[in-house]
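Both of the next two complexes hold subunit A, though its partner changes from subunit B to subunit C.
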Partner chain A sequence: MKSNPEKEETFVPFHLPFGPQHPASGHFYGSVKVDGEEVVELEPYPGYLHRGLEKLMEYRTHIQNSVLVDRICVLEPFSNEMGYVNVVEKIAGIEAPERAQSIRTIMAELGRILSHITWIAIVSLALGLDSGARIALGDREGILRLNEVATGGRIYPCYFIPGGVRRDLPEGFEEKTLEELDYLKSQLNLYDSLIFRNETFVTRMSGVGIFNAKEAIALGATGPNLRGCGVESDVRKDEPYAAYPRVNFRVMTMKEGDAYSRVLCRRGEIAESISILRQLLQDTPKGKFRIKMTTRTPKGNAYFCCEAARGELCFHMVSDGTDKPYRVKVRGPSFSHTLSEFPYLARGAQIADIPAIYWSLDPCPPDMDR
Partner chain B sequence: MGMMATFRSIVKRLRGILKPLVISRYLTTKPMTLRFPEESLESVQGYRGRHLLEPEKCIGCGICVSVCPNNAIELVEFMGQRYPQIHLGKCCFCALCAEYCPRNALKMTRLATISIFDRPSAVYGPEELSKLL
Partner chain C sequence: MSEEIISSLKSEFADSILKVFLEDKKILVTVKKEGFYDVLSSLKGMGFDHLSDVTCIDYIKEQEFEIFYHLWAHKKKLRVSVKVRIPRDSSSIRSVTDLWTGAQIHERENHEMFGVNFPGNPDLSPLFLEDWEEIPPLRKDFDTRKFVRRKYYGEE
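And now, the complex of A and B:
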């Protein structure tokens, strides 16, 4: 911050609220202290979407919880389920069959594309590119339809369960998905010319909200936000789970560390996810899709970390030998995005840059508050 | 050299302005939305919609009650036997009750449009659950 001694005497901070009713904020309130057009400080106030999920889990059995965890982050329910069922299986000492692991990975990658496409819609809406938002939301429908076909639910699939998945993939799902992926691949070019290479978008996103790798790690950044600063960190590569050891993919990284590099990172991840899905759909192993698991889990604790669309989503569960968890701690990726990275990056920026910085981080308020 | 650079930047800007116009191809395509009351999305096979109870199969065991994550189901007396009654306002349509039913008496139908005017009519007793309307 530049300090001007003459100015300091007459400086009266003006508090500008960003959210919770701002069209670009989601359920998040940040009190922005401004000096003219410049942001002096941003104080985040979380809690508008707090539902006490970690406490609610203590009152429900493992099977009931696999339905509840969908609500941690509404936009990508499959990653939440992936984390939860894996931590329960780790405590119980069982492993889901190979087919179930493959189906889980397929659905998790579809969920990642779903989340990123919703983000494309929101980021273009936040920067005033309305037509991009409409088309992205329309394309999202195709994946929701696939969710519906495979799981029976559109937004909340309630699909993974400790021991496997709740039902097998229906006939013709592979062909339908491949068709949808071809369509999405062609749509990526449209998004490029409409949003990502749009002159307005590039000008507003480049050079704002810059942090380097060291700062990002210190602030707790994970996922595309950390990869945007050149750090090659991805749980899918570092500690592969489910069917990820079987697939070849590269981790998207960018060097610059500004808002635009984070945007390009996410855009690249959609293409990467499409290639992962094509590999998985070509040889889905045959066999059982679910094994039986006892309702009670042995005493002990386990920790599992998976890569959600926004970053690392981790579960730590303590079990006391009953059919309910004694305590579950969820580490949501959006918590650090909103509460530590966003105030840090917003400091010194212009008021108009706030939505650009906020949505380049892609926070999810339900995940932040839980 | 300077002229050339200016010319290039002008071309780049112009392309940046003209490229988004590819969106005009949507002028000729079908709209993505539907005019809801007249036409609606066809729900797929295996969709988790409203429940359907087959009273002749139900044995009143209460497994659906214990497996429900939202406590939306309770057993009520009807025609001298115990049957489930579902509060659809609490229900999250996870279909665990239908999955864990030992006699397949509870099923999920493809009915997705359930709208009511007041809270008490969200409670579906055994009689309403056994009819598909």
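And now, the complex of A and C:
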């Protein structure tokens, strides 16, 4: 078709809002500048869940903060607790007992499955596969009940504290968890046929939102988003913490770097987490589950990274010798995913691909805003 | 491998590096403001391709900001933290966006929360806060509780 010079002169770019209504994007707003069906630019406007957590922590003691960090990401509180208690222990110069490390790892892996299953629900909802969302949210309930049995809380467990965990695992927890894992393992086949091998899903996910390993690393990608480009990077393997040195697992990687490979990485990680949990539940070390920590921490600086479901989660803490931190910085994985990778991948995409690209990155707005 | 990096940094940047040592499998480099960019770009060349985070700390007693660059090398599996101090008034430090594209958004956040200027960063517009007229909120002289009492309860 010949281009019409008159028409080009009068062309005004149209700004299409993506979000911030929850079902579309989570609490995140992206202003999409479009030319016809094509996205020219996407400008992110975060801040809908900004609570100033880093500042709030400066006013609270270490024990109070271990409850506050749950709120950083609603979907996987255990990873945030894991990062926080470890950074405090690093500054205080103590180490949690072996049993506590093992319990923490068990809960963190349950949290990873919880987060990935919730993501399955949201991603299928975003692509119009309503039944997938209902089934996945139903399966999420089983893990939430396990959370309640072990910690007393369903969504916000407030379970890890510097020096160990708040209470020991209740009797019968191992059996209940193993039963739940067997059920989830069988459900994975259902997810495969219903969602991951669904023709609509595959067509909409493959070949969109592609970046290669070099671009992904430059943009700050971590976790399944980076592993989707073939980079074998996992903090659990690279700098093992808690009980991870004792378990065997594979790091899931895919080569293509498109939205579908990121999806498959997460699907594979659920199976790996189930295998990690089975290994840990078989021999949980006996002994103390908590040691005492002094309320004051010595002066110092510590940086600790752990692998959250979404990627690298780091805490930087500065202590000035009091019982409160002088400064805490939280490096949430979603910060880079949403604010630096998403606008990059959206450029040049079709409008209809925006939800597929966005949810393939699995962003968590509360973790991004803090 | 970390010893090699430490010794090569020491010999190459003898003037600008104040301190460099290994702490818990992680290299910690303290560097003067003048040479910080060269040190970072040399580290980038050594394979530290992932900028994990940029942290700013407000040392109000010393009237200084401390800025940490946390780096990770995917191939070497090593972590390096580079810290640099800048004066609190007229705080400004060269952007590292040209080394790591992902630095753009970290610098933008620090600009908003601390008021540190990053010349060379293409976009330092407000990120999280809407219509913010107070001093940058993560500075130590900003009191959250006083602000809430004044803003929402009308107390002075």
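Going forward, the second predicted complex is superposed on the first by the 359 of 370 C-alpha atoms of A that agree within 3 Å, B and C clash if a C-alpha of one lies under 4 Å from a C-alpha of the other, contacts with A are read in each partner's own complex, and residues count from 1 in each chain.
The criterion applied here is as follows: a contact is a pair of C-beta atoms (placed from the backbone, for glycine too) under 8 Å apart; a residue touches a chain by one contact, two chains touch by 3 or more.
Nothing here was measured: the structure is a model prediction, and the numbers come from that model.
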item	value
Clash or fit (per the criteria above) of subunit B with subunit C on subunit A	fit
Partner chain(s) touched by A:Lys176 [first = subunit B, second = subunit C, both, neither]	neither
Which superposed partner A:Ser193 touches (first subunit B, second subunit C, both, neither)	first
Subunit B versus subunit C as contact partner of A:Lys33, first or second or both or neither	neither
First, second, both or neither for A:Arg246, with subunit B first and subunit C second	neither
First, second, both or neither for A:Arg331, with subunit B first and subunit C second	second
Closest Cα approach, subunit C to subunit B, once both complexes are overlaid on chain A (Å)	13
Contact residues common to both interfaces of subunit A (with subunit B and with subunit C)	none
Touching residues (chain side subunit B, partner subunit A) in the complex	13, 16-17, 19-20, 22-23, 26, 32-33, 43-48, 67-69, 92-96, 99, 108
Of all residues in subunit A, those that touch subunit C in their complex	46-47, 50, 52, 54-56, 59, 90, 217-220, 222, 231, 233, 238-239, 303, 305, 312, 314, 316, 318, 326-327, 329, 331, 335-336, 339-340, 369
Touching residues (chain side subunit C, partner subunit A) in the complex	24-26, 49-53, 55, 57-58, 68, 70, 72, 74, 77, 79, 81, 100-102, 104-106, 109, 127-130, 137-138, 142, 144-145
Subunit A to subunit B touching residues, read off their complex	60, 63-65, 67-68, 131, 134-135, 138, 141, 145, 148-149, 152-153, 156, 158, 166-167, 170, 190, 193-194, 197-199, 202
